[in-house]
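Read the structure below first, then the notes.
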Amino acid sequence: MRILFLGDIVGRTGRDGVLSRLSGLRTQLGLDLVVVNAENASHGFGLSPAIATTLLQSGVDVITLGNHAWDRRDLIGHIDGEPRIIRPLNYPPATPGQGSVVVALADGRKALVVNVMGRLFMDPLDDPFRCTNELLGKHRMGATVHAIVVDIHAEATSEKWAFGHMLDGRVSLVVGTHTHTPTADHRILAAGTAFQTDAGMCGDYNSVIGMTKEPAVARFVRKMPGERLQPSEGEATICGIMVETDDATGLARRLAPLRQGGLLAQTLPDF
Amino acid sequence: MRILFLGDIVGRTGRDGVLSRLSGLRTQLGLDLVVVNAENASHGFGLSPAIATTLLQSGVDVITLGNHAWDRRDLIGHIDGEPRIIRPLNYPPATPGQGSVVVALADGRKALVVNVMGRLFMDPLDDPFRCTNELLGKHRMGATVHAIVVDIHAEATSEKWAFGHMLDGRVSLVVGTHTHTPTADHRILAAGTAFQTDAGMCGDYNSVIGMTKEPAVARFVRKMPGERLQPSEGEATICGIMVETDDATGLARRLAPLRQGGLLAQTLPDF
Amino acid sequence: MRILFLGDIVGRTGRDGVLSRLSGLRTQLGLDLVVVNAENASHGFGLSPAIATTLLQSGVDVITLGNHAWDRRDLIGHIDGEPRIIRPLNYPPATPGQGSVVVALADGRKALVVNVMGRLFMDPLDDPFRCTNELLGKHRMGATVHAIVVDIHAEATSEKWAFGHMLDGRVSLVVGTHTHTPTADHRILAAGTAFQTDAGMCGDYNSVIGMTKEPAVARFVRKMPGERLQPSEGEATICGIMVETDDATGLARRLAPLRQGGLLAQTLPDF
Amino acid sequence: MRILFLGDIVGRTGRDGVLSRLSGLRTQLGLDLVVVNAENASHGFGLSPAIATTLLQSGVDVITLGNHAWDRRDLIGHIDGEPRIIRPLNYPPATPGQGSVVVALADGRKALVVNVMGRLFMDPLDDPFRCTNELLGKHRMGATVHAIVVDIHAEATSEKWAFGHMLDGRVSLVVGTHTHTPTADHRILAAGTAFQTDAGMCGDYNSVIGMTKEPAVARFVRKMPGERLQPSEGEATICGIMVETDDATGLARRLAPLRQGGLLAQTLPDF
């Protein structure tokens, strides 16, 4: 299976970057499954139902979220009706939405996509390691599904690496989000799981993690309430990772980063 | 000036990776200045005077540190006698050592190297933004020095990006350390400063940020005291960033990541 | 039921303060149940099996713990054999020991004692609110037990107050520990549960939360490794709260703080 | 000098509790100086200029603040014109307002009042220990002023105790605020400084640190955006500490807590 995962879409420029390229990329790269994190798609904070619908109609198969999941409150009433939008698995039991979804490709193959949140330097949720283990007890690659993609939305690199190793051999891809900075450490772990600490954001990198520079810098220098943070509107770099998996085992055969548009060094998978 | 910065050296394998390659790289890349972060060089925790001396005799011009600066207490009595080892600038006034150093190249050109620590999700130190601004009031590129390199040892990507933009146009390179994960966002900022959120570690990536996997994973899953963390001893990838600056302005002309050895995708500057 | 709860015992002076008074207090105050938090009883860090045994032989009915539960590793092998020592309920499933215990008084009445840990500004554990609710689903005052005492070991006052209100009417006493500082806000909540944000420590208050002053102050002023923290050895104030409950409902009829010995203003329940 | 310090005023009920009693208390207790923390006086968040003026006209001599200093943005333009309102000393240099004030009593005696913020589990500001030491280099009890009162607005008990010991013998009173919970550990430290870890709030204790219970509990149990937090409007307990100092030395002769109104155990200084 050929899978593309794109990191946190930030604001209009991030959406434009993704929407303008997605159809072409699906064809050019022969993609079977596209997953995007869209927790910052609506003006930097949350995801509106309308934008979610646009993404899902434009070639996105599954949308993941994170700590900004509920910034747009209208998503709360929408998420239960749209299983292709998932929120972190380790929210408490009564939370709207689901933390995972099994999607069927056009050809009938199936993929499980999971979204989970780290706890180090973040809000205390249920244990992401245990929750994910429990969920994976119900799914097995090569048996119930052909591939498993896990978006670990977390701050600390140590937690993300540890999480990747814990799942190594049981899922196709563990990819981090939340730091809005793509890492150059994409690799296939010892037992065959593709891994990247952070996919990076889809947004304007002439910014502070996607938001305009001046107010964001001021928050560190002055300890006063300042201007509201706004998405920076320069051309986005869309950032993510592509993985090709073996349908028999679900494990990764090849992976490569993708960075297109905007200020970052450009790269496109060559397989 | 041709500058190479390498991120946190972790344990013996990290040291071996750096020491075995440094002389060759100096020649091959025509390096004028080599700076390494070595806060984890001594078995993962701190830097012994003996290892510092070896690094400085093997082609390293300046060593930077971080939150592990004093893990090896014998460095405390050593650092005041060795100005080429610098510790974060924003420690309190009476702290041993210095937070910056001006080094003279063989040809007489001069470079200022600065080490400073972030505060978000870290121990509260003096304001890194203000401390660095004050220091830079005493140095100017193209006048007192030919280049300025700043190692911002910090956890949060937002703080590192904000820090980079604050210094944009006034220094040659702002490069992050501490997360032990190289980022793929190296770029030249709007006013000419080279930037990378994190250089990545020089260590074994089949690990949890350089330490053996099992005890590190166990710390997240079980909340019990476990085995002592030990550096993972597989072959290191040495990770860093190379910058070529304009001696007249100190600003960056070109930059490229360097990743050699071990598990990560290999890359070498081509200029 | 007449219940005395004493907060974190810190070091030898804390133990001496408790052990020298406990027998007298049991008689004088007509105590039916004595619960103490002893997470710092062994030289400030953890609880040795020997000290636990001494406390349990000297009039303590149940010992609670906290984030220092495993500082003395010999307790790990001991705790499963001694149900009167409980550790926080919201540790992960495979953790040694139990988070609650039902003890029978000499006259046959029964009390449930629970220990649970907060998460705000602390290590991320399982949700203390949900864990405690689940446990309380199996016990009811006036039916299965005559009284329920809950030690919420937590940093933030907001979390402790919220926890108290959530349990109001379902338990006899919610008392906080961990800050080593007695609060003056003991009261009976709206639905009949006795509450105090923190019981305070049993230790020398001429100290920094029980540890000698100089090294503890130095840690805030200098950011260098310093002397090891040691318990301060001046005379202890033993601090706690006494509650009288209605055996038919388990709810609190009266409560009063207890502070004896050492530097704090002395007080003893007058009922 | 006879000094009363009252902790964080929360909302209307907190203001009413203070305003209705202050004139009587000044007379009854023979108060020379009244200091109140009012960071939550305006509907729980910040302090409006109008409420500040009312407090200052009703018997309050100095108002201190904390992390909510700028929640009411209209105070930003007001504070420089009203030196009797002070904000934390360890904000960065260009912050509006001052961190201390010298006030003259009707009889000509003078007192220095200082407000400073802790850093543990709080936003990283300048070092409160060093800032306060620097300020105290310019003032000496028995020489330039007759008394010095320091409000340390902080979360962690360890930081507050350490701060108190560092100042012991150099100021009249170190009193904590911010936790909204009065502590029962008021005492005179070894060298003569009166100390209390937290004065407690002036607000309705049938609440979660002053805010209505249900939404505050929900925030811990569910991880969803909820109702806006509102001040709880039951009768306030006004909480604080009274100190009598020796004008020749500035040191404390006597201290006693004050708790009047509402749900907490009532107490009034008897000297």
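For the reader, a short list of remarks on this structure follows.
As written, the chains take the letters A, B, C and D, and residue 1 is the first residue of each chain.
By definition in this document, a contact is a pair of C-beta atoms (placed from the backbone, for glycine too) under 8 Å apart; a residue touches a chain by one contact, two chains touch by 3 or more.
Computed from a predicted model, the values in this text were never measured in an experiment.
Under the touch definition stated at the top, chain A and chain C share these contacting partners: B, D. Looking at chain C and chain D, the chains in contact with each of them are A, B. The two sequence copies chain B and chain D touch through a face in which the numbers common to both exceed half of the numbers used overall.
Chain geometry summary: the mean Cα position of chain A and that of chain D are 46 Å apart. Inter-chain centre distance (chain A to chain B, centres taken as mean C-alpha positions): 29 Å.
Chain C has residues 92, 125, 127, 130, 221 in contact with two or more other chains. Note for the complex: chain B touches chain D at residues 92-93, 119-120, 124-127, 130.
Across the interface of their complex, chain C is touched by residues 70-71, 73, 76, 91-92, 94-96, 123, 125, 221-225 of chain B. Of all residues in chain A, only 121, 127, 129-130, 155-159, 161-163, 165-166, 179-187, 189-190, 197-198, 200, 205-209, 213, 216-217, 219-221, 239, 257, 259, 263-265 touch chain B in the complex they form.
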